[in-house]
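For reference, the structures are reproduced in the following blocks.
Heads up, the next two complexes both have subunit A, just with different partners, subunit B and then subunit C.
And then the complex of A and B:
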């Protein structure tokens, strides 16, 4: 009971804190009234964000579903704004998850293949370290040239970014599987393939949790990066267009949408992984040393 | 955890270059430059890169850009690590403060740099401040999580033993809490440092006067793949070298810790 109250109090303080942050933003917007370009405050207050800015997002609606686009001469409307947010979000999210899936699969498979023997593992160690340090987002121009600026280019970019993380994560996790598990299985007559399927794969999953969380973050960054240069849709495209005209308020709304999506995807993953990891002895606890 | 140099790693690097070389036969040179050409390019552009003058940049080269980028990364890591560690340690012991700081830092941490960067560029301009602050934020979030976890998983026996022996609160904080969490915090700094190079590069790419990211940005405009490869490779090497040195240094500093001595960690 006491624990429950403490938990509740913590939640409450967190919510209050978020409200306080929103309040501080509002106060900043009244104190700091400088404008990036005429009519565009550097710190857009909430009264602007929820009226003018939200309406202005309908500029990015390309028409359809009986709701005419602003480009066709229709006035700005909240319905078009909502549709445009949904439309661009779907584009971005599809790119993100297709890329995540492909990158995760390819990266994990390659990682397992390399972990087959300690020799190959040692050989790929340094090259992978180098590949990992190459700044992903600075490589967008290359991927555009290699795969084009359409769907394939973006998927390839997200896939690469996520794939490298997964690859490194799997190699590292396999390395950390206690040798005694493998020795035991081998003593009982398991083949290498069997060991992989029944010992190594379940054993690395708990450690892969961190990797998957990291790759979610990288994936969001990568899909934005891919949209940054030469996309015709998606949240990244909206940000770029807004930035070119210094529409700070629109950028702010998209940033909020991002925080919303990111928090949801983290929360879902957290739930899911907790359920999947129920069988481990330390489920839900941070693994201590020793 | 002292890392010994693995000769096999060198073979891996050679293999990587060999694969790259093989790929150049299949992919046109404009998309994938020759490894030898890229190496040559690094040599040519190292002190003064002529082409940068055409883009309106002052006379500069890869070396100057490397120095600029490195300075920014180090300042940002120092700043972010200090803030993140202090907040992390404090919040591990005081629930109320944790409830206050957790949402702020964790929300900031989930915003991709590409979303955050435009704001900073408009607010603080395209100088050093924007890039350093941006990188520092992400470093702070990483260190916050690391320090918090280190302090909350620190075996309570240590603190209890110190109190039993009559240590003052201040001494417990200094001798147990801080020293006990140092190995894990250093591990966090290493991870943050490794990521900081990429963040700094992207911050420069979006808007800066100089730096490796700036070079990539200029060259991307004219799809000069050779130059982009050269700049990225230099940055990668820089990051690997710095990582190797910090790993050495950190394992020396935390040589006394249980994890280091038992080889775990």
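And then the complex of A and C:
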């Protein structure tokens, strides 16, 4: 209890800011009453979002688990809405994280290959640098034709989007590893593979933190981009489906769900990286205590 | 100037040269046709003004750099790359900040597949010898500059190198810390007994440091070895010992080589040719 109060006090300002943002939205919704189509306000107030909109998400429930879908003739229900949110979220999140994992791994390996030897540099550097410049969103339709509109196509797309960022991040970070640590490892008898595992990888991690955070953002954009064009499920599919009927409120709710998930993944990553970066002099640094 | 190699030598350099191409495309000779041999178990200091090639020579022995011409052998084998039998302590901090102190000391042993219990024992032993047992589990960032140097020294000793190469290791620490580090280093070096002592090559520009540490001082200038002094004073050497007549003479010679004073009295001319060999 004491801990809770302390947390609340510490975050008081942040909480107030959050409430203020919600308040401004509510005020906007009463001032600006224009509608996209009759009955669909451009700025849906919270009273709409938390009743009609939430309920309407049950339209995207495809049935099962003993909860009949709207398409089968059942009325809208909060249970179906909740299940539909979970169902579509799981699809999107799995696509996102499998893509992130594969893209991160492949991008990092290619990035390290650039500094591994003159030969690997010659083989890897130019092709990947060229691939990197292809505009991500322009590639969505091509990826769909190449890899299909199912799971593989989306994973490939997210993996590509994230992979090129990891590649650039790793190439740059490896350049900044102080030579002294590599020399020290060599004179202590480390092999090249051991140097990469025990010196290069830990040394680049502080710099890679920014890249990983960036790639989380790009990953979300990529998976939505992939779902916009040809998916039968996922949060991106819900958005694009809502757009056809100008259901602004539904899009807004899905956007809020994104914020929720993204915040969780940032928080988890932050905890994890803090653990891994205990050794840095900057651990827990604050520029000035107020 | 330095005597040529003979059968007992651990390190043998013959006509060793190293040139660099500077950014302005000028060729610079850092090491110019150097020939010498270093005895097993000897503590050798390389002294000279900055830019004289002493660090280049050390990097060549370490295998971090390859010669432009000439031959370099350690334990009868040509040096082509770094190896754990040649340990190095650098001028900058080389302790890995992402490993705890004890894991740093174990690092080389771990790389070579030494079992966990054995390498931990060795690391604990050398940490104790350099007086750092109490910070074994600390992060390097929590240590002072002098303590980090002790970690680096413990690491090369734990790694079992036969040849220790130290590149101005204590150049950046204060005087008191430096004297303590000399004691630590000499204690570790002497305790092996004169037959199993490790060979040490210690680069410095500090004349007193060289006189306290060395059996032999090689003086370098413009990429060449220009003098070779044998320091036979008994150990342990003290500040008082540095005031003995022979030591004072050595000091005059060294300072003259560094261009700090003109030779007076019975000190020999730096380019005189005979040196002060035994």
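As a convention for this text, the second predicted complex is superposed on the first by the 255 of 290 C-alpha atoms of A that agree within 3 Å, B and C clash if a C-alpha of one lies under 4 Å from a C-alpha of the other, contacts with A are read in each partner's own complex, and residues count from 1 in each chain.
Here is the rule we go by: contacts are C-beta pairs under 8 Å (C-beta built on N, C-alpha and C of every residue); 3 or more make two chains touch, one makes a residue touch a chain.
Here the structure is a predicted model, which is why all the values come from computation and not from measurement.
Asks: For A:198 in the superposed arrangement: first (subunit B), second (subunit C), both or neither?
Replies: Touch status of A:198: second partner only.
Asks: After superposition on the shared chain, which partner residues are touched by A:186: those of subunit B (first), subunit C (second), both, or neither?
Replies: So A:186 only meets subunit C here.
Asks: Is A:52 in contact with subunit B, with subunit C, with both, or with neither (first, second, both, neither)?
Replies: Touch status of A:52: no partner.
Asks: With the two complexes superposed on chain A, say which partner A:209 touches: subunit B (first), subunit C (second), both, or neither.
Replies: In the superposition, A:209 contacts neither subunit B nor subunit C.
Asks: With both structures superposed, pick whichever of subunit B and subunit C touches the larger number of subunit A residues.
Replies: Between subunit B and subunit C, B touches the greater number of residues in subunit A.
Asks: Which partner does A:123 reach: the first (subunit B), the second (subunit C), both, or neither?
Replies: The answer is first: A:123 touches subunit B but not subunit C.
Asks: In the overlay, answer first, second, both or neither for which of subunit B and subunit C A:262 touches.
Replies: A:262 contacts subunit B only, not subunit C.
Asks: Just subunit B (first), just subunit C (second), both, or neither: which does A:239 touch?
Replies: Only subunit B is touched by A:239; subunit C is not.
Asks: For A:251, is the partner it touches subunit B (first), subunit C (second), both, or none of the two (neither)?
Replies: In the superposition, A:251 touches subunit B alone.
Asks: Give the list of subunit A residues in touch with subunit B in this complex.
Replies: That would be residues 6, 9-10, 13-14, 17-18, 21, 36, 42, 119, 122-127, 129-130, 132-142, 145-146, 217, 220-221, 224-225, 228, 236, 239, 243, 246, 248, 251-252, 254-255, 258-259, 262-263, 266, 286, 288-290 of subunit A.
Asks: Please name which positions on subunit A make contact with subunit C in the complex.
Replies: For this pair, the touching residues of subunit A are 180-181, 183-191, 194, 198-199, 202-203, 205, 278-281.
Asks: Which stretch or stretches of subunit B touch subunit A in the complex?
Replies: Residues 6, 8-13, 15-16, 27, 30-32, 95-96, 98-100, 102-104, 107, 110-116, 118-119, 122-123, 149, 152-153, 155, 194, 197-199, 201-202, 205, 213, 216, 219-220, 223, 225, 228, 232, 235-237, 239-240, 243, 258-259, 264-265 of subunit B touch subunit A in their complex.
Asks: Mind listing the subunit C positions that touch subunit A in their complex?
Replies: 62-64, 81-84, 86-88, 90, 92-94, 96-99, 107-108, 111-112, 139-141, 155-156, 159, 165
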